[in-house]
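Alright, structures below, take your time with them.
Consider the two complexes below, in which chain A is the common component and chain B and chain C are the respective partners.
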Partner chain A sequence: MKKILNMVKQRPFLFFIAPGALLYLVLIIYPMFSTFVNSFCQWDGIGEKLFIGLSNFKMLFTDPIYAPQFLNALKNSFIFVVLCYIIQVPLAFYFAYVINRKVFLSKTCQLLIFMPQVISQVAVGLLVLLFLDPNFGVVNNGLRAIGLGSWARGWLGDPVILKLVVAVILTWKGIGIPMMLLIANMQSIPAEYEEAAALDGANEWNKFRYITLPLLKPALTNIIVLIFINGIATFDIPYLLGGMNGGPSGAIDTLGTMFYRVAFGSKYLTNNMGLATAIAVIQFLIMVTVSVIQISLLKRNETEY
Partner chain B sequence: MLGWDDFNNRNRTVQILSEKGEEKLRKRNNAGKKFVTLLLSLPMYLYCIGSLIFLSYALINPFKSNKEFFQNLLGLPRQWTLENIIQVWKAAEFYKYYINSIVVTVCATLSILVIASLTAYGLSRYKFKFNKKVNSFFLLGMMFPATIMIIPLFLVARNLGLVDNFRGLVVIFTATTLSFSVFILAGFFKTLPHEVHEAAKIDGAGEFRIFWKIMMPMARPILGTLMTITAINVWNDYFISLIMIYDNDKRTLPLALANFYAGNQARWPLLFAALFITTLPIIIVFFIGSKQIVSGLTAGATK
Partner chain C sequence: MTVDGVDKGYEAIIDAYTTAHPEVEIEFYSYPETDYYSKLKSALSAGIGPDIYFTTGWNNLQTFVDSGHAENLDGKLDVTAFSSDALEVETINGSLYGAPGAYAQYLTVFYNKDLFEQAGVTVPATYDEFLKACDTLKAKGITPIAMGGQEATPYMFAWLVSCQALAPDYFEDIRSGKVSTFTDERFTKAMNAMKEWGEAGYYEDNYDGTTYTAQTLLFATGNAAMTLTGSWGYAEVMQQNEEINIGAFAFPGPEKTYGVRSVASGLSVNTGSQNKDAAIDFLNYTCTAEAMQTMVDAVDGIPVTDGVTCDNEVMQEVAKAPDYAAFPNIALNIAGTNSTNPQDVFTNNYLDVMSGKIDVNALAELMDKSWDPAAYAKLFQK
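On to the complex of A and B.
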């Protein structure tokens, strides 16, 4: 005991690191390691683990029951990422540009656009469910009130609309951060650049296209990765809107909801933890690949003012 | 024949005329610019108004009585009533979930701040063997979202008695946000001058005292940012609580809200009241601390 105390006294950093290290090893590193091991095992979460090599991964791509589900979930996850890119990136750009010009009420608008970020996913999901309800939702009743009753429909029953709804919610909730990153980056561009361009006769569009845009590359890279990671890992909103099965015929089934379904979905103890973990590992590998690409891109694109 | 005076006068007139013209042109230009700016910012105003309407749906409907709600789906309440909100608060026991959420958020945030600062301080202020390696080892966790390792995490937590209680939630939130918090804090501690440390040592302060009394106060701004990020993330967390908590009495607000929806699908005004109770306070908090929250969350997202 005295020996240990002496050791700590000579190495004060041990005292500082110990509590964090203990937590980290037990609750992060061990589960992390265990996740990789489990993905090579057949395991229901309670009984014995049986090592089966790469069979889980093979199963995800070839099993007649799981493969279509997995490929659909993978496809949907990517669809959400692409939809978020299409909606979020131009919109964030637009907001940042307008707010940076300090138009009337720009500060208030900035806060309003950012606000959904702090509301919980559950509340947002529930609000959307009530908003789009076919009978009592405000959208259908609003349409009926202005004589467009024929447009009213069960919004959440249509696979295409449902996908769009999820992407729009993700955008509404998440656009604040990309917007703020762009605003911060725009403000760091020296005003002389634009003035010089204006003297040379550049119009607004040319100033934006040839000065602002190239200098925003680092922020843009960050945003693209941010949206990717949020999109590929999305769970809460699809789960709240479509339940465990990912909506009608799996329209919004993502890697997250499929993982939850395979791991915790069955009440009759037929959960396949090994398979679920394999899904998680694939998700992880996708994310790591994208992060590595981001880091290398950022290094190449460093701009000096 | 025109004399000099005439010439000068004419010149002046031309000058005045052209100045007037320029001013007019400038004014017209300015008006044009203003119009373009307005046109340019119009979609943003529309977006904000739409956003407000969407939110007000949750902020107005709880005040309609059950009967009025189904007759008056779109308009403002004709008779404002607090009945729904009181019922959700009292009968559905949302006050209890509120307390749960507050307890978990406060404890988890404090625990993260203390443990992460200790770790970050130890890693960034002392020289020891493999310092760099240990440092990057601690950052590994940032690459692992909790969703991916939730199964083993759940099993470990169950063995340690951390499932289905607040103590467990606090410990688990501390662990899952440790890497990110250490990353942010270590970056800051590295920038503090070493002279302060040495001066305090000469004055006879112990290592912990230096940390607690000198370094921590200097880190106050960065601790504030970190506190904002963690508090909001913990307050809104759904996935980890969904898996770690199953006793009804121990639910946090997001869990309670989702559960309340599942159990009361036809009772619309009550659902709105539940939404109202859970969202309004966070919106108010956001507008009070908006500067801190916006910058904190933005800094947190890019790592």
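On to the complex of A and C.
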């Protein structure tokens, strides 16, 4: 006992982290553990818990009612992540580079590009619903007003368009933080490297490719992992635009909306918490696996200066 | 709870009760439907649940009876004034577990009287007349039916409104246990009706992009002649446009018009409550004509017992439906398997039927897989 007290006295930081650690344990670690345990049980949220081993996981891949929904949700989550990567990463680089060059109005642009990050997702979703309404919305009525009425359609009812709309909103919302990370990292690159390169006859593109880009690899690692984690867990926008059932033909059904539907969504309380927590566990495993792979692959290529 | 009116109704009832019984104090909490059940379940499992709580009866109440959180009220409530279909809602495993509600929900078609007059259409008395009315309205440039085709819920409402009328004997067979499959031709034909209406052009343009809220708005602003919904839809329409001149009729079948209704549910008592006697006394009060009149006035509802009246003209029209039967979905959502039920399967997949991805027979087969006929029979055991 005295030995422990001595150990603690010599490490005063333990007192400082204790309250935070306790909160973290109770509010995050315990629920995670509890979720994990629930995924092996059959439970409707209020009755008894029945241990059924891996049946929930099996059901997600083989049950005629749930498997198609789950595989569709998985596919959609990955599609959104890939779309986010394709659009956000190059755009973030471009914006960061231009803003770093301190062109005219760069500070204003920085603010405007970052602003969507802090706007409420719910507000955005509801506004988009209003804009795209086929009878009362701005988009269709605007098209009719300028004579392009034939282009007016039920935007929200078309699976492909709905997917694109969600991808655009996610990108628009999510580009702020990657851009800021890149700007911060770019600003910490000493100017001498670029000046030396310029003296050696390098043009803008070469400077960017051989000096800026390699030195941004740590930031790139962070961005790639962040975009993946946010993308795979996306819930708010798909829920607002497509409802609990993921829109027409489950076009924007993601792991998040499927979880919500299975856990809380039944109007008649045939909820299956066990199945829902199985979905959550699978989502968690995907996030962890992919993030670990990404970090280990990208860390190898980082350059020190 | 759900719509605003219900909140006001309960608050008024509680006011009246506590004025008459000043030693009793009642705290009233109301939550949006989506959050309500998760909160209730967590509170009850943790042992800190309320003394009295609301359920929608049927298998919602069954969940709480099975988990041991609903008090058996046999013999403790004075329910002589209620009809058998009112009591059915709260009777689980043969015993009464909740106080029946004060009003009934009816499935109905609301129609815009002005638009009907403009097109020279009268209220249809048969299904053929209904289709002809839609054709006439369409020819006159008026959208016959408002449909929020982006979501499955409007289709579900439309289907509940129409399928009993289109397949009445099928529902009788399901209820009596003669039939226990959804792949029956009478049923799949009724399920397909909404797709046929879409193909005939009875919905507004681009209906596949319209949400349920927009559907209500379309009807409320006079841009569509009819909307298929339930008596709850009246408050939704009035909220958008109080000036509108509407009426209601029950959906007409090929030979006979069936009214479809379900009695709203009421309150149950928590087995873990410390104040059971007081709770039961309050529940008894909610079953009196006085309390029920308060609720009916607050929600513009349709009464279910004698001695209670509704002044609203539109709702009186809604209630004129002959030969009402219980909501057809009672057959469908009750007694699902452990993880789903037929109505949820319908809701999750009907949009695929509309887009042509699957046909109604495939949907019926999926619904079969999610249904437990034995448990359904048990629920109707008296």
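Note that in this section the second predicted complex is superposed on the first by the 270 of 305 C-alpha atoms of A that agree within 3 Å, B and C clash if a C-alpha of one lies under 4 Å from a C-alpha of the other, contacts with A are read in each partner's own complex, and residues count from 1 in each chain.
Keep in mind that, in the parts below, a contact is a pair of C-beta atoms (placed from the backbone, for glycine too) under 8 Å apart; a residue touches a chain by one contact, two chains touch by 3 or more.
Just so it is clear, the structure is predicted and the values come from calculations on it, not from any experiment.
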When the two structures are overlaid on chain A, which partner does A:148 contact: first (chain B), second (chain C), both, or neither? neither
Who does A:272 touch here: chain B (first), chain C (second), both, or neither? second
Based on the superposed arrangement, let me know which partner A:184 touches: chain B (first), chain C (second), both, or neither? first
So, does A:11 touch the first partner chain B, the second partner chain C, both, or neither? first
Look at A:45 in the shared chain and tell me whether it touches chain B only, chain C only, both, or neither; answer first, second, both or neither. both
Should A:54 be classified as contacting the first partner (chain B), the second (chain C), both, or neither? neither
Pick one for A:245: touches chain B only (first), chain C only (second), both, or neither. second
Where does A:213 make contact in the superposed view: on chain B (first), on chain C (second), on both, or on neither? neither
Is chain A touched at more residues by chain B or by chain C? B
Of the partners chain B and chain C, which touch A:134 in the superposed model: first, second, both, neither? second
From the superposed pair, tell me which chain A residues show up as contacts to chain B and also as contacts to chain C. 45, 129, 136, 264
Chain A residues touching chain C in their complex are 42, 44-48, 59, 64-66, 69, 129, 132-136, 140, 152-158, 243, 245, 247-250, 261-262, 264-270, 272, 275
Taking the touch rule as given, give the residues of chain A at its contact with chain B in the complex, in rising order. 11-17, 19-21, 23-24, 26-32, 34-35, 38, 45, 94-95, 98-99, 101, 103-106, 108-123, 126-127, 129-131, 136, 138, 141-142, 145, 172, 176-177, 180-181, 184, 222, 226, 233, 235-236, 240, 256, 259, 263-264, 273, 276-277, 280-281, 283-284, 287-288, 291
Residue numbers of chain C touching chain A in their complex, please. 34, 37-38, 41, 44-45, 58-60, 63-64, 66-67, 69, 149-153, 204-211, 214, 217-218, 223, 333-334, 336-341, 343-345, 347-348, 351-352, 355, 357, 366, 369-370
Where on chain B is chain A touching in the complex? 37-38, 40-41, 43-45, 47-48, 51-52, 54-55, 57-58, 70, 73-74, 115-116, 118-119, 121-123, 125-126, 128, 134, 138, 140-141, 143-145, 147-153, 155-157, 160, 171-172, 174-176, 178-179, 182, 207-208, 211, 232, 235-236, 238-239, 243, 253-255, 257-258, 261, 268, 271-272, 275, 278-279, 282-283, 285-287, 290, 293-295, 297-298, 301-302
